[in-house]
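Input: one structure, supplied below.
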Amino acid sequence: MDIMSLVNKDFIKARLKEGKRIDGRGFDDVRDLEITTGLIGTAEGSALVRLGNTRILVGVKLAVDKPFPDTPDEGILITNAELRPAASPTFEQGPPNPEAIEFARVVDRGIREGQTIDLKKLCIAEGEKVWVVFLDIHVLDYDGNLFDAGNYGAVSALLTAKVPEHEGRESFDMPVLHTPVSCTFAKIDSSLLLDPGLEEEGVADARLTIVFDEEKNLRAMQKGLDGSFKRDEIKELMDRASRKSEEIRKIIDQKVKL
Amino acid sequence: MMDEVIKDFDREKKEMKLIDENGKRIDGRSAEELRPVKMKVGVLNRADGSAYIEWGKNKVVAAVYGPREAQPRHIQNPLKGIVQARYNMVSFSVTDRKRPGPDRRSIEISKIISEALEAAVITESFPRTTIDVSMEVLQADAGTRCAGLTAASLALADAGVPMKDLVVACAAGKVDGQVVLDLLKEEDNYGQADLPVAIMPKSEEVVLLQMDGHLTQEEFDRALSMAIEGCKKLYEMQKEALKMSVGGE
Amino acid sequence: MDIMSLVNKDFIKARLKEGKRIDGRGFDDVRDLEITTGLIGTAEGSALVRLGNTRILVGVKLAVDKPFPDTPDEGILITNAELRPAASPTFEQGPPNPEAIEFARVVDRGIREGQTIDLKKLCIAEGEKVWVVFLDIHVLDYDGNLFDAGNYGAVSALLTAKVPEHEGRESFDMPVLHTPVSCTFAKIDSSLLLDPGLEEEGVADARLTIVFDEEKNLRAMQKGLDGSFKRDEIKELMDRASRKSEEIRKIIDQKVKL
Amino acid sequence: MMDEVIKDFDREKKEMKLIDENGKRIDGRSAEELRPVKMKVGVLNRADGSAYIEWGKNKVVAAVYGPREAQPRHIQNPLKGIVQARYNMVSFSVTDRKRPGPDRRSIEISKIISEALEAAVITESFPRTTIDVSMEVLQADAGTRCAGLTAASLALADAGVPMKDLVVACAAGKVDGQVVLDLLKEEDNYGQADLPVAIMPKSEEVVLLQMDGHLTQEEFDRALSMAIEGCKKLYEMQKEALKMSVGGE
Amino acid sequence: MDIMSLVNKDFIKARLKEGKRIDGRGFDDVRDLEITTGLIGTAEGSALVRLGNTRILVGVKLAVDKPFPDTPDEGILITNAELRPAASPTFEQGPPNPEAIEFARVVDRGIREGQTIDLKKLCIAEGEKVWVVFLDIHVLDYDGNLFDAGNYGAVSALLTAKVPEHEGRESFDMPVLHTPVSCTFAKIDSSLLLDPGLEEEGVADARLTIVFDEEKNLRAMQKGLDGSFKRDEIKELMDRASRKSEEIRKIIDQKVKL
Amino acid sequence: MMDEVIKDFDREKKEMKLIDENGKRIDGRSAEELRPVKMKVGVLNRADGSAYIEWGKNKVVAAVYGPREAQPRHIQNPLKGIVQARYNMVSFSVTDRKRPGPDRRSIEISKIISEALEAAVITESFPRTTIDVSMEVLQADAGTRCAGLTAASLALADAGVPMKDLVVACAAGKVDGQVVLDLLKEEDNYGQADLPVAIMPKSEEVVLLQMDGHLTQEEFDRALSMAIEGCKKLYEMQKEALKMSVGGE
């Protein structure tokens, strides 16, 4: 994201040299994470995520449509993200820009490749009618690390979504197979920081998003920005993500059950 | 375009009793009663000003950025600032998912809300700038333009934008042949008329006024009075919300 | 509309203080109104409206399509307006801008809410096939007050339109129930002027459009511009519109019958 | 894109007799006869220049704005003005309603008409400017590009734009195996070739030329001569229309 | 095309006064023409054309769709051209501009009016299913005279295309009736030059494209640019095109058979 | 958007044996073997730099223009140049014709390729400019982003753009439960994971990394090593191709 760094780049880097993040967090500390589900009555599932001051609302809508010819017995997942001008002075009105598209596709990849939804159970009549799951991510307040907030919101919204009653078939819970959890790191000089805030993102050299499922299998990755990672950095982040994703999954599970 | 037309057709009169023998509406309100309304100012971190409103089942958040230099330059007005309001319904805010992006309905609403806010904002104070006002409808249940405009004017106040007065909006309409205040979705769909009104409450000057449906002149007078009374009640809540934001958080 | 006022704003206002409009009209005088119907042979209905020097061509085209699911026994009305660059130095090439969209929607609202067309009679086979009425408004020459000219053209084109022969069903006249008539006023300082011309629009503070049907029922309203109306001004305009709309309806009826 | 293809396919040869045993065409014309044409200059109020043409069942209005400063600036040519022609078919001008907005056909026609007009306009006289020429086809019956271009050059003259000469356009074609002048819709749809031509009449230089269909070289020569003769007749009408506009209104 | 002339306009014109083209060609000389077919395995037909340094890749793709209502027993031809930024510093990213649209339509006109494809043979089930032929022209390297290169590529790709096997009906060769060949001339002052190169195009006053079939019938023409042609110039070009198109057809036939 | 989803769904596991009992893949390769690759530099006339790559059945051409002044001006960076990569699949490069123009997939790939190239290009050397890199996929068979990026870096070198190092890309993945190098189309469609990687070969720093599918951490380590080894082999071919272009043509 093309953000003016809000605090001085040198200041952030100087603090990092001392091993400190500007908000006092440890390198592996996630900001306060709050998740509230079911706020939107018009959606079949919804989750409001607050990750620090980043706030994202995810809605799940279902509609009936024809299946794709090559998967006649499976539902369809469509993910979209809107970086609306309300959320940041740098977001502009208009169709999704490359940033919004990458964001939507990285969240989608985690959800899809993580087999979050059991798409077979969303078949109504093979080759004829299946459920389409629209996963819409609406950014309300942008304070850094959309990718993780989007993932947590998507998983939470799906975990609490209901497939509506249809032609006599009763409503049922969204069939969820796995809960893939995303961990995004920013690289600033040689520091690798989990859950970068807005100011950290503004000065980051590179970004790595790693998605693990609950069986510690890797499901999706995305490197971003014009910096690079050394191999041992990737290895280190893999270990850290593997550990942290379990912690975060517990938070999600807890919030979603409340 | 078809989508909008579909919605317009929803208005078609269906057989549905919306007011019972005791004069109670389907949610138990009397004719002149507002739905429950909650307002909160300063709800967003990045925006220069913001507000959130829950109005019946409507949930709308408004954000203000600016005054800031208008871009591209050729839209700048050397004599005054421009208010650019954008009303947007989130895709999952309605029963049938709405395709993201502006449609003809939201473009019209954005235009008349911009004009209503410009009536109140002292735009002469900041030439060459733009004030960007976003209204995001998170959940919709009829009356979203009034909810959005009411929240937008709070967000402007929260951003410290100089205004002659707040702007507050409320609709009246006709349901089962009766003039009533603040239509909810079923009343809007199966009623006979809708009249959204916005005023600057101190002077009671009308800055937004639309009507569609079927009203006699007498019914219109009654509906306009009722909507303005509704606006005044909402204005008290606006002032309360602003007070809370200064005192509170 | 973002128009350069062609004559001096002060001049217009000074005249109005003396109770005079720059073209000598009374405050409730409509400019010369000419309506010619049936000029366009390729349309199922058409009307050329000349209101002062504003000229608008309205065409009605019919096509067969599926009805909307919630109104399976009704035809469909779709209204579109084109502010083409030929009509004004300020109109630009491109898709309809907010001005054109508001214009089309206000005309549409008057026609639709005024129940101009008996849409039930445009059902061919319930749930299967209905007539779609495309009401296309093409501005030829823009000299102020498009809203009223558009309304007069739309009503006139519909009143003279034919539903074409279809699969053995004979052609018949467009089923018209009501003739809603629009009156638009501009507010300049404290003057309220019917049928504002281009120069008057250019200096107007506020605009109010009021649509009455032939039973003196209000069918549609639209306030515009960044000024405001006092309550007694609205009441006054309501009375004036109620009276003037009857006069204008007579002119339309007369022109359309010629 | 499909729409255009449909139209192109209309050309397909169908069984239909277009010229009778007496050499008369379906509207009674002989092979070398133009449809009835009426032209009028100065028909619009706002435009700097305008003209209206009725040509058979075609009805086209042309409007000119400029020369005026070209915007955005980077399109300005420091050595000469630009002619920007826009050919547009109104949605109700054809039997099956046309979606508003430019399609590939109208973009191509706009380009070649711009080029044809630039050949005549003395663009060196007003560098950095644009001359905007709109042609609105209100009713169409084959030959609209010729009608539009003929009206556009009248509108330029009406606007006082300096030109070497007027531009005038007319088509010839082949129908039932015969070369004929000025095809009407059925002849265009079921004929074998269409050859729209535009010239500057004083020099007879060709500024627009297109052909599609099937012509021998000899037929082409005949068709080109016929089209140019048609142009000359239309040129007389153009001069008459301009005279009327000066003397008349 | 809006190209900066790469060599001096005066220089080109001065040489032409001496009867010489800047690359030494005669006025009726076509640049080296190489055609390679079948390079693209994912296409049902393809041709890479090199005309001087202009390089164009044409692909033919087939798909099954409904026929148009007025030609229920005929296949459908759709031609598209992409002037991609890779091919020239003056080509920009985005939807086809007027230059690209004219290019596609002129190539299409030659192929369509030249009855290159026997569309009747592309009917699968009358009124139900026909083959759609997508003719996609991709410009790789732009060094002038796209129109002719596009035509040669389109003809070559179609001549070597296969209609794929479909529901038991065996694959067969694209049914080709005629081979229309395009000759494009540039007019610079009074010189008329076949196959203009990039520099010649940059200073040309007018352009004329003439398409002849193998029976010496004229199939399509297009005049371009803001200059004009005298009648005897047109007559002269007609003769030259008639002669040269035969020569070029032989080259195409030869290349395509290899 | 549906189009992309269809492609994503192609990945669905189908019954198909992709590795035989001898460990041979459907095109006869072993697990760690690259498809045949050919590279050629300087293949286009107009571009400032260009390269062509054939990689299995993939055929991709890359063209570079610039550094040249960035337009419009407001995108200029006063401190460094911008690399704008555009990855494009030609309509006939895939089995089912692709609609021309960018889709969401190609926009994402263009973004990450731009970032990968910016890591290598010494952008500080030419502030306010843009370097435009086009990758045109003429024929596609899985791995086109790696082929495109590998060719793009050759085209940059051919254009003389100063770089810290070349960039070279190669994917590894999981097929029939086995980690293998350089997936072809059927392996990509019916395999379990894909891991495209790009490095600057001298430092082995990773500038592009994506993964989708299903890998244990151990499999990931193996796949990453394998992909980097593949990159190194390709790097030798890149150097050879650059040598040929200097020596050769």
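Going in written order, the chains are labelled A, B, C, D, E and F, and every chain counts its residues from 1.
Going forward, a residue touches a chain if its C-beta (ideal position, glycine included) is under 8 Å from a C-beta of that chain, and two chains touch if they have at least 3 such contacts.
It should be emphasised that the depicted structure is a prediction, and the values quoted were computed from it without experimental measurement.
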{"item": "Path length in steps (a step moves to a chain that is touched) from chain E to chain F", "value": "1"}
{"item": "Touching chain A and also chain E, the following chains", "value": "F"}
{"item": "Chain of greatest Cα-centre distance to chain D", "value": "A"}
{"item": "Label of the chain whose CA centroid is most distant from the centroid of chain C", "value": "F"}
{"item": "Of A-F and A-B, pair with higher C-beta contact tally", "value": "A-F"}
{"item": "Approximate Å spacing (C-alpha centroids) for the pair chain B, chain E", "value": "57"}
{"item": "Separation of chain C from chain E, taking each centre as the mean of its C-alpha atoms, in whole Å", "value": "49"}
{"item": "Separation of chain C from chain D, taking each centre as the mean of its C-alpha atoms, in whole Å", "value": "32"}
{"item": "Chain B and chain C: spacing of chain centres that average the CA atoms, whole Å", "value": "26"}
{"item": "Residues of chain F touching at least two other chains", "value": "none"}
{"item": "Where chain C touches two or more other chains, by residue", "value": "80"}
{"item": "Pairwise touch network: line, ring, star, complete, or other", "value": "ring"}
{"item": "Chain order around the ring, beginning at chain E and proceeding next to chain F", "value": "E, F, A, B, C, D"}
{"item": "Residues of chain B that touch chain A when the two form their complex", "value": "44-47, 50, 57, 59, 61-63, 65, 68, 86, 88, 90-97, 100-101, 132, 134, 136, 138-140"}
{"item": "Contact set on chain C toward chain D in their complex", "value": "39-43, 46, 53, 55, 57, 59-61, 63, 80, 82, 84-89, 93, 95, 134, 136, 138, 140-143"}
{"item": "Chain C residues within the chain B interface of the complex", "value": "68, 70-71, 74, 76-78, 80, 96, 98-99, 101-102, 104-105, 109, 112-113, 208, 216-231, 234-235, 238-239, 242"}
{"item": "Of chain B, residues touching chain C in the complex", "value": "1-2, 5-6, 8-10, 12, 104-105, 107-108, 110-112, 115-116, 118-119, 195, 200, 203-217, 219-221, 224, 228"}
